[in-house]
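In this document, chain identifiers A, B, C and D correspond to the written order of the chains, with residue numbering beginning at 1 in each.
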Amino acid sequence: MFLREFEAKHLLQSVGVTVPGGTLIRDPAELDECALSYPLAVKAQVAGGGRGKAGGVVRAEDPAAVRSAARRVLSLDFEGERAEAVLLEPWLTAERELYLCVAVDGRAGGYVVLYAPQGGVEVEAGQPPTRYDVGSPNDFRGHELRDVLAAVEPDAALRESVVPLARQLLHLAASRDCVTVEINPLFVVEDGGLVAGDAKIILDEWAAFRSADIAEAIARARRGEPDLVRRCLEAGLMLVPLDGDIGLISGGAGMTMAVMDLIAEAGSRPACFLDCSANPAPQGYGLAFAMLDADPRVRSILVSIFGGATQMERVARVMTRLMAERDSDKPVVFRLNGTNAHQIDDIFAAAGLDNHATIEAAVATAVNVIGGGA
Amino acid sequence: MSILLDDTNAIVIQGITGKMGRFSVRDIADYGGRVVAGTSPRRAGAEVEGIPVFADMRTAVGETGADTALVYVPPAGALDAMLEAIDAGCRLVVYPGDGLPVADAIAMRAAARRSGAVVVGPNTPGVISPGKAKLGFMPSFCYRPGSLGVISRSGSLSYEVCHRLSRAGLGQSTVVGIGGDPVKGVNAAEAVAYFHDDPATDAIVYLGEIGGGDEYDLAAYAAQPDAKPVAALVVGRSAPRGRKMGHASALIDARADGHAAKIAALRAAGVCAAETLSQLVPEVERLVQPQAASA
Amino acid sequence: MFLREFEAKHLLQSVGVTVPGGTLIRDPAELDECALSYPLAVKAQVAGGGRGKAGGVVRAEDPAAVRSAARRVLSLDFEGERAEAVLLEPWLTAERELYLCVAVDGRAGGYVVLYAPQGGVEVEAGQPPTRYDVGSPNDFRGHELRDVLAAVEPDAALRESVVPLARQLLHLAASRDCVTVEINPLFVVEDGGLVAGDAKIILDEWAAFRSADIAEAIARARRGEPDLVRRCLEAGLMLVPLDGDIGLISGGAGMTMAVMDLIAEAGSRPACFLDCSANPAPQGYGLAFAMLDADPRVRSILVSIFGGATQMERVARVMTRLMAERDSDKPVVFRLNGTNAHQIDDIFAAAGLDNHATIEAAVATAVNVIGGGA
Amino acid sequence: MSILLDDTNAIVIQGITGKMGRFSVRDIADYGGRVVAGTSPRRAGAEVEGIPVFADMRTAVGETGADTALVYVPPAGALDAMLEAIDAGCRLVVYPGDGLPVADAIAMRAAARRSGAVVVGPNTPGVISPGKAKLGFMPSFCYRPGSLGVISRSGSLSYEVCHRLSRAGLGQSTVVGIGGDPVKGVNAAEAVAYFHDDPATDAIVYLGEIGGGDEYDLAAYAAQPDAKPVAALVVGRSAPRGRKMGHASALIDARADGHAAKIAALRAAGVCAAETLSQLVPEVERLVQPQAASA
């Protein structure tokens, strides 16, 4: 779960990281009661990325400019998300802007510290950040990080400030179940102090059972979703909306992506990535069909499941029932295989349904039936 | 031979009285695997399909000589269950479940390394050495014995691919699901090393994805002069940038974790890299044919 | 730093521990707006212990009883502390009351888990809690704790609930710099769930640099102290007020206690434990004298410092200056020794001050000068 | 002989350019200790009292052969500094500072155990082996060589007691300040074990306090049949219940951590236990006299 900037900065501050003193407002009317000093930054508080490019950060020199900027950023659309709040911060003048991040990384077997001497938007474009592979939090060694920094950061005094800050970010990540704690830009201010210009924290959703913060962030994100999407998420379906015309109900992220790639190769595009590998109850599949049937962009539905723990004769029975109850005539194409797959053909035959032998054949049918394809 | 698992492993199922536990007792036994014990702290003394249930791992291992654990325990208790298996002396522990907090995965990995135990998972169907034993819930009919070592980040995709390989006459020494989570008990680099050392494995098939950096470790292996032949599939060619397609790989290596970059790196290292599922079996055949010809 | 119950429960809740849903009020007038159900517990929120015995927890059956109970507990004195707030909680009926605690313990080289099958006030009186020595948080093993619990807790299902809860308390302690996280009583409710009846959390003051919570708790505790005491604390003097008549300015906790014991043996009692081993600036010593001079209970002052890192010729010079500037005629008795002690006699002689050769002699003088002693 | 420290230790002072570092360079050298290097990440290349200053411990140890570290670094950076000393190969690390978060003390202790290094502290004047070397800031004149092993939880109290012992002709093999914090690099049980194994130590003097449970470890040692003679002082007899007199020992062992209980346990184990400072030297004399007589 992405936290919004003000939430991320609150967490950073709670472990002793310096952040600019900001004011959070939810409505421009609140500005009447704020004592502000100028210039300041007006920053839309959204959970997604790309805020800067979308005009979500504006410099304002006076109260009138703040008011109009706040109104504007509250009205913007950030990839489907509206800002519910605006953070007003003093516009800092920095000697330098660095990049510092602690994140989970598979190759490190745990956490990695990333540092770049040029922060801000440069990081995406320039040299990749320097890596210090930590692994388990206990294996962090300040002197090892210092050595890694020395290769890219000539300022010895600055290195000595970055090392303890990195330890604090790691402490925060490990103690609060964060998978990413990124400060970009990290300002070096006049006295040599480090101030978090922006902050991106991603929480580990799987740790919600032991973190009220995470449970709340998940609940908030769900509240923002359309009704059917929210109900799919609550039913254990992982859903990523895409912009094609084939509704894909599939099992397992890897297999789903493999099928998406075949759909693309066949000249069409999926309307969503809908992963039901969590082995949902029959109602879960029902919701998936309801959502895809209700979506006018979806022109055919492809069900592709190769089950291991999922026993396929049960899935086949659920499918025959759902097909019987369903009152949409959008074409549905099946390719089911896996545990107890030998029982599928009889179940489907009794219900007048077809099961494709290969995923390529099923994809071809799903694409051809809507007149798509190359 | 094979890696990690063969017909000598004596298996204990933690959480044997749950739905998956009961299913696996029979499913593994049907495949010829030796399930010797189960645990359930609240059901000690019971039996499941004739297998005795113990209160804890120390007792289960002590009474039965089990050396391998399959852990069906909800995520909140999974780390403790895995640590218990390791402390009881299990040399191989498979945790198929998903939903394990990554901090717990990190702790699990650190504990395994200290003890010299091997953990496979989380978020994996497990390990199968076709014709010998299985330790997980992959559909048995997809596999046949042979000399390909298969490594997969994804469960369903590995069933699909192994099914295709088996039908093409390309059997497997061992298939290991390293799992879809960022932090893994056995990662790609380690799985490759096991196969490299296994005399029964002639070539390696790797099933990867966009996101993360495991594929670069595979490329690093393949570039070594004494590497075994490697074929790979990377899925996600059509996935849009910046969307989380399954598990998070966050911002790290943002430019490097895309499909094109991975395919290019793998090919530069001499890997026969398939860009889509349909291309994989031909790539594997290309890999093993010259060997068959020279044999 | 002791947290108050509502703060401790908030922390517990943030890591997924069940607490009774309570309402915090600071003024009985707020009761008009509370929707409450009865019976409930009216609990004074104070940072010290012994609240129950002092009448700080009252059961109330109706709104009138809550109002009068809230007024009363807000007016009580808890060893010098007033409650600033009252927590109203449903009065739970528990199947059992347990004791569970995670704390730092020197012999464990880290954390220890303590469990007693009989919680509540019984813990102090009954068998000592069972110990599971964890050490480093990474070394916690659920199965080891389960084995330890089995010796005192016959209910296997309950043990399985206590183990993950203990892990959560340890996680909280290790991630938030708590030296004690104690739940007593820990209620077992009807469905077998565990609910924190009361909560005591002690934070590690030394971790204030990396915890806004701790820094704030320290600041709050200081705000509650008398002005001179607060200034002493801010100057690096550790002060424990006692009730005797000899003001003791001393260095190091162990040596200070040794001197206190000698004062007691000589038949008198110290007015305070004032440890200046943090090697304060001259103003620090000045404050100490100002506080003791202003306190009418203090009848003589004993300065006992055996310095190592503290260079004693400097302390001697500070003392001569302070004695010259001071306008109290309370007797001051010195016993200085330690690094560079050979310079003390000359410095004192020039100022007309005496330094005692042994602490026994100095104690005897300090006691005799006020006509005390056995 | 002695424990932990003798005239062969080659000492590096971390944070040598600070006030305490500069003081200790001269103070330790005056006592005959070998300070060979200092570190300061920002002042590499400088000298303090003729001792070279390096940027980091790896360089300092590599260039000078130092094997012992004295750490004068503020608490927020202390754990990193100690880990650096351990990783650089120091076998003995003394951290005198107070204010170290207890979680960091726990991490420090765990790291030292894994590496086989010994950390003394936090919150200690250090270690002195009279006549050989000192590693810390205790006043040198208080000590003289001899055969008593002294262990203290408190700095000033150890100066006072050793000064008395020395004047009574009772010299010390080594005096180790284990420190006043609850979690210690070397705790009472471990310090006793070192002295037990040291042939130059004939008897052990322990300076303890109310709170905590170290004194029970001492009693457990003294109760063993082959234990060396032990005398002990426990201060805090007059301290009121429930007040924090220095560092916290919290609720744990609330009934056991009082003065009377500790004195009783020590005496039951055969320790010559002094209830106040004035009684200690006579108790120690009682302890060593029979030996002198039998020698």
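Everything below uses one rule, namely that a residue touches a chain if its C-beta (ideal position, glycine included) is under 8 Å from a C-beta of that chain, and two chains touch if they have at least 3 such contacts.
Note that the structure is predicted; figures quoted are calculated from it, not measured.
Engineer: If you tally contacting C-beta pairs, which pair wins, A-D or A-B?
Structural biologist: Of A-D and A-B, more C-beta pairs in contact link A-B.
Engineer: Can you check how far apart chain B and chain D are, centre to centre, with Cα atoms defining each centre and the answer in Å?
Structural biologist: One centre to the other, that is 51 Å.
Engineer: Distance from the CA centroid of chain A to that of chain B, rounded to the nearest Å?
Structural biologist: 26
Engineer: Report the inter-centroid distance (CA atoms only) between chain A and chain C in whole Å.
Structural biologist: The mean C-alpha positions of chain A and chain C differ by 45 Å.
Engineer: At which residue positions does chain A touch at least two other chains?
Structural biologist: 138, 174, 209-210
Engineer: Residues of chain D that touch two or more other chains: which are they?
Structural biologist: 76, 107, 110
Engineer: Which category does the touching pattern between chains fall into here: line, ring, star, complete, or other?
Structural biologist: It is other, because the touches fit no line, ring, star or complete pattern.
Engineer: What are the touching chain pairs in this one?
Structural biologist: All chain pairs meeting the touch criterion are A-B, A-C, A-D, B-C, C-D.
Engineer: Mind pulling up the chain A residues that touch chain C in the complex?
Structural biologist: Residue positions touching the partner: 13-16, 138, 168, 171, 174-176, 209-213.
Engineer: Which residues of chain B touch chain A once you look at their complex with the stated criterion?
Structural biologist: 20, 23, 75-76, 96, 98-103, 106-107, 109-110, 125, 136-139, 141, 152-160, 163, 180-184, 187, 189, 207, 209-210, 212-214, 216-217, 233, 235-240, 242-256, 275-278
Engineer: List the residues on chain A that touch chain D in their complex, please.
Structural biologist: 138, 141-143, 146-147, 156-157, 159-160, 163-164, 167
Engineer: Applying the document's contact rule, which stretches of chain B touch chain C when the two form their complex?
Structural biologist: For this pair, the touching residues of chain B are 41-42, 55-58, 76-77, 80-81, 83-84, 87, 107, 110-111.
Engineer: Using the touch rule from the top, collect the residues of chain A that touch chain B in their complex.
Structural biologist: 49-50, 101, 103-107, 109-112, 114, 124, 128, 135-139, 174, 177, 179-180, 182, 200, 202, 204, 206-207, 209-210, 238, 240, 242, 251-265, 269-270, 273, 275, 277-278, 305-309, 337-339, 341, 359-360
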